[in-house]
Amino acid sequence: MDIGFIGLGHMGRAIVANLVKAGHTVRVWNRSPGPAQEAAGAIAVGSPAAAFAGDAVFSMLADDDAVREAIVASGALAQAKKGLVHVNMATVSVALAEEMAKAHQAQGVAYLAAPVLGRPDVAAAAKLNILAGGDAKTLAHVQPLLDAIGQKTWHLGEVPSRANAVKLAVNFMLGAAIEATAEAAALAGAHGLEPDAFIKLITGTVFPGPVYEGYGARIASSSYTPAAFAARLAHKDLRLVLAAAGTAKVPMPLASVVHDALLETVAMGDGESDLAVLGKTALRRAGRKT
Amino acid sequence: MDIGFIGLGHMGRAIVANLVKAGHTVRVWNRSPGPAQEAAGAIAVGSPAAAFAGDAVFSMLADDDAVREAIVASGALAQAKKGLVHVNMATVSVALAEEMAKAHQAQGVAYLAAPVLGRPDVAAAAKLNILAGGDAKTLAHVQPLLDAIGQKTWHLGEVPSRANAVKLAVNFMLGAAIEATAEAAALAGAHGLEPDAFIKLITGTVFPGPVYEGYGARIASSSYTPAAFAARLAHKDLRLVLAAAGTAKVPMPLASVVHDALLETVAMGDGESDLAVLGKTALRRAGRKT
Amino acid sequence: MDIGFIGLGHMGRAIVANLVKAGHTVRVWNRSPGPAQEAAGAIAVGSPAAAFAGDAVFSMLADDDAVREAIVASGALAQAKKGLVHVNMATVSVALAEEMAKAHQAQGVAYLAAPVLGRPDVAAAAKLNILAGGDAKTLAHVQPLLDAIGQKTWHLGEVPSRANAVKLAVNFMLGAAIEATAEAAALAGAHGLEPDAFIKLITGTVFPGPVYEGYGARIASSSYTPAAFAARLAHKDLRLVLAAAGTAKVPMPLASVVHDALLETVAMGDGESDLAVLGKTALRRAGRKT
Amino acid sequence: MDIGFIGLGHMGRAIVANLVKAGHTVRVWNRSPGPAQEAAGAIAVGSPAAAFAGDAVFSMLADDDAVREAIVASGALAQAKKGLVHVNMATVSVALAEEMAKAHQAQGVAYLAAPVLGRPDVAAAAKLNILAGGDAKTLAHVQPLLDAIGQKTWHLGEVPSRANAVKLAVNFMLGAAIEATAEAAALAGAHGLEPDAFIKLITGTVFPGPVYEGYGARIASSSYTPAAFAARLAHKDLRLVLAAAGTAKVPMPLASVVHDALLETVAMGDGESDLAVLGKTALRRAGRKT
């Protein structure tokens, strides 16, 4: 197919490479031009509008503001022809997702929310889990494209923003798991058990899986840079979680604590470190060696 | 070997069965006499002191008070002969663990803390993970017994109470994982996703493993009885977590929230339901159908 | 002076009455026309723009959205003549306050933030405390107007938004004091002391003053309607507190709990009750008679 | 009357001085003998038992352990003659209060709980507020003594431990008020308002009274030593608050946060500073100058 792709960060580049490999024509745009020019096999274009055309267009942008700027303020959506499908993969607020769904409908452009689970290495391996929200027929239309980049697509219903709400719920669970590991390791440490032994114990018994193993290894070794998922971005996500919870009137006291721990982490200057740096925050709070 | 066993609740009975099966002579005592008399292949005895003899004695009691009563107030420890090994498997406070270690030392009785990970079905399958604290030689002495009941023994060092602290840290992580799942499912539900679909999504992607799958299935189906691990006991454990954290001066804000959610659950009359009932508490708080 | 006034809720009406009494000509506008027509001694006008003229214009609107709509979207600001002074008394977000300051500057209109402390009865008595932010000369210019409606003006500096941040900080303290009273009364009640006796004790000893006395009396008698300050609006304010804290990178764990208690209160259907209804929420959480 | 007094800390000494001044014979005992020998007009005695005699005996000890040691372990209670009245002024746990009431009843000694509100300067001025729990006739008997040391006695009912529960509820409110002030001042400070100006504003408007003024002045000037009420002791009290709340099944999420903030304060080495040092903790958490 002839597709566009907007946003070539770590995730976007890995995804584009898989789309190219699957034989699609991919017109790519990025705010800073370097990544677009370097995307092997893809065609760099000069504006979001030039990417916002063809059979479908994907976007993978950093946050609400980036989406508003590249899709709306740039005029890309306003110039789009009817029938185009836009697959928005960004982790955005539920409020923006609803706003975008309406704006696309008004323009006659089909809109799918498709945030993903998986970090850049997972994207590179085409093993993403894709949380899709939107019309089933539209989804079926782009399914071959999604199959080229992910291991499974979870269709969560017709309302696009639901996929964003679910993605935020999962990221909250991620933050909660790391904060719990951080506090538990600090407690075990204060009673004399080395963090490495503690992490081996929990991942070798009741908490297997990529989250506890991956972030746990970083906590065990106090190695928080470079970030695979920056604390600053996790803080942003928790902010969006609480906003989605507020709108839906769902009190989430655990999410509030995770949010506050991340805000403290950012305030202390560790925002660019990996989310696992919550391990450092927990130790500092206890007056222990970090 | 000739061993004693004190405390025949769900866990104790399953463990005794495996010790008998391994060919050991097991003298058993329980506060209410029924379970001791029904323990196939074991010898029911009339007092804790009668069980507190032989090569080694195990105890698997409900809480600090039960330990104090059966081991100390009963006179069992005071009458024990030097050289006996006591393996205390209960989830008790760090403070009691320290007190017990001293009392045993004064009496010349070897003391091992050996709380376990795994519920009754895991105990029946002899697949427990045993968190052992105490002298390495003493541990080696009873290792054949532990091998008859568990899949792995994690020796956490010479200080018995450390094993109890670590067990509490793990139980905290368990409570945090369930509360996180409960809040996340409530959020996803408020945005239209059925809890069953949400649990399938998270366990099928980033949160595999027995905790999210087991408790998640209960949250997905709102089936909270009979309890495999009662909310009331989880609340007690979180109280012990916070006590251990206080003594060690480790602030644990996430643990405080899990504690409060469990206290609320108990206050609302759901203390005898399974820990997964946190899913109900999260929905009630949101004014949603529970 | 010749002044405009936008927004005639409970607060606005009381303030306008005092401005009229002080001899000023007051052109008033309200979204629903009734309150403007009924404002004795004032001149009802047909648009925000008609009020946004003269020597100065006050606005007392419900929230950010109402301010955006009445001041910006209506064209009132865009049509204002240079030199006009706008005194914005609403409790708005710090972000909106900054945005408004810029927009006014661009239009050549002087801008003062002037949120107030005091409920409608205090406003009627011309006893408000006014938290003023903005240029000192501009403030001096409208000081006679402020003196007609308040007992004291606290000039908090040249940056208008600072007054809004401080107002939010005070409203957080208000919510924290009520939640603390609610939890403490529930604890005392569970130990057998009637709430009325508890409130008398604390206000008669270490916690005198309007907050503990006023809200305390409502908690003591479980009388939560009609609302003097609705829980729904307090929840909105706490949301703005956390937003201001996030931007400034100030973790506020106590504010998070107050926020969550208010969200729970709103979710349970008590949003239109008075902020004191936190007393009911605390009792319900404890499974006690509310 | 002929009375005994056990425990001559800052509070005890001030109270004894007022009892002496009122013309009573006071036999005093303190663990370290210095303060008893220096108590002008009082008679130093050599054991708690020697003080635990006469018409009535007061005790003002630091915590549960000190009470157990001086009253029970010393044999003082066991040797007391029937009809003696013991007025226990310490801030102790509800559990100990219940235990003490039973032990006194078994010995035929009347028992009143009488924790007080007020710091040493208030005690010196005989202006304490006394929270009394116990039999009304017994209370009437010692009322002249209480009138010599306090401005008012609040009889909270026949159950002694209720007075302790209420005292803990008040101390929780105190901690909550200081933590709220600390967080609010940090927020206002981050938006540019000096803490001194913020404290003046709140105490001059909606939060008058000794708590906000006294602790607020310390926060405003960052002067945390010497302590009038040490953070370490406030932490202990919050621990007792949560214990009393747990027994009574009253979730207190705000109390949990105050507890955690105090634990963090103690962990960071500020336990001997005044409770107002929560102001420093709030700033540190925000990465701001403390």
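Each chain gets a letter, A, B, C and D, in the order it is written, and its residues are counted from 1.
Everything that follows uses one rule, which is that contacts are C-beta pairs under 8 Å (C-beta built on N, C-alpha and C of every residue); 3 or more make two chains touch, one makes a residue touch a chain.
Not measured: the values here are computed from a predicted model.
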Shared interface numbering between chain B and chain A [over half = same, under half = different]: same
Chain whose Cα centroid lies at the greatest distance from that of chain C: B
A-C or A-D, whichever has more C-beta pairs in contact: A-C
Distance between the centres, which are taken as Cα means, of chain C and chain A, whole angstrom: 38
Geometric centre distance via CA averages, chain D-chain A, whole Å: 52
Multi-partner residues of chain A (each touching 2 or more other chains): 245, 249-253, 256-257, 260, 264, 267, 285-287
Chain C-facing residues of chain D, complex: 94, 117, 129, 131, 152, 154, 156-157, 159, 161-162, 165-166, 168-170, 172-174, 176-177, 179-181, 183-188, 190-193, 197-198, 201-202, 204-211, 241, 244-245, 248-258, 260-261, 282, 285-288
Residue ranges of chain C touching chain B (in the complex, touch as defined): 253, 264, 267-269, 285-287
Contact footprint of chain C on chain A as seen in their complex: 239, 242, 245-246, 249-253, 256-257, 259-260, 263-264, 266-267
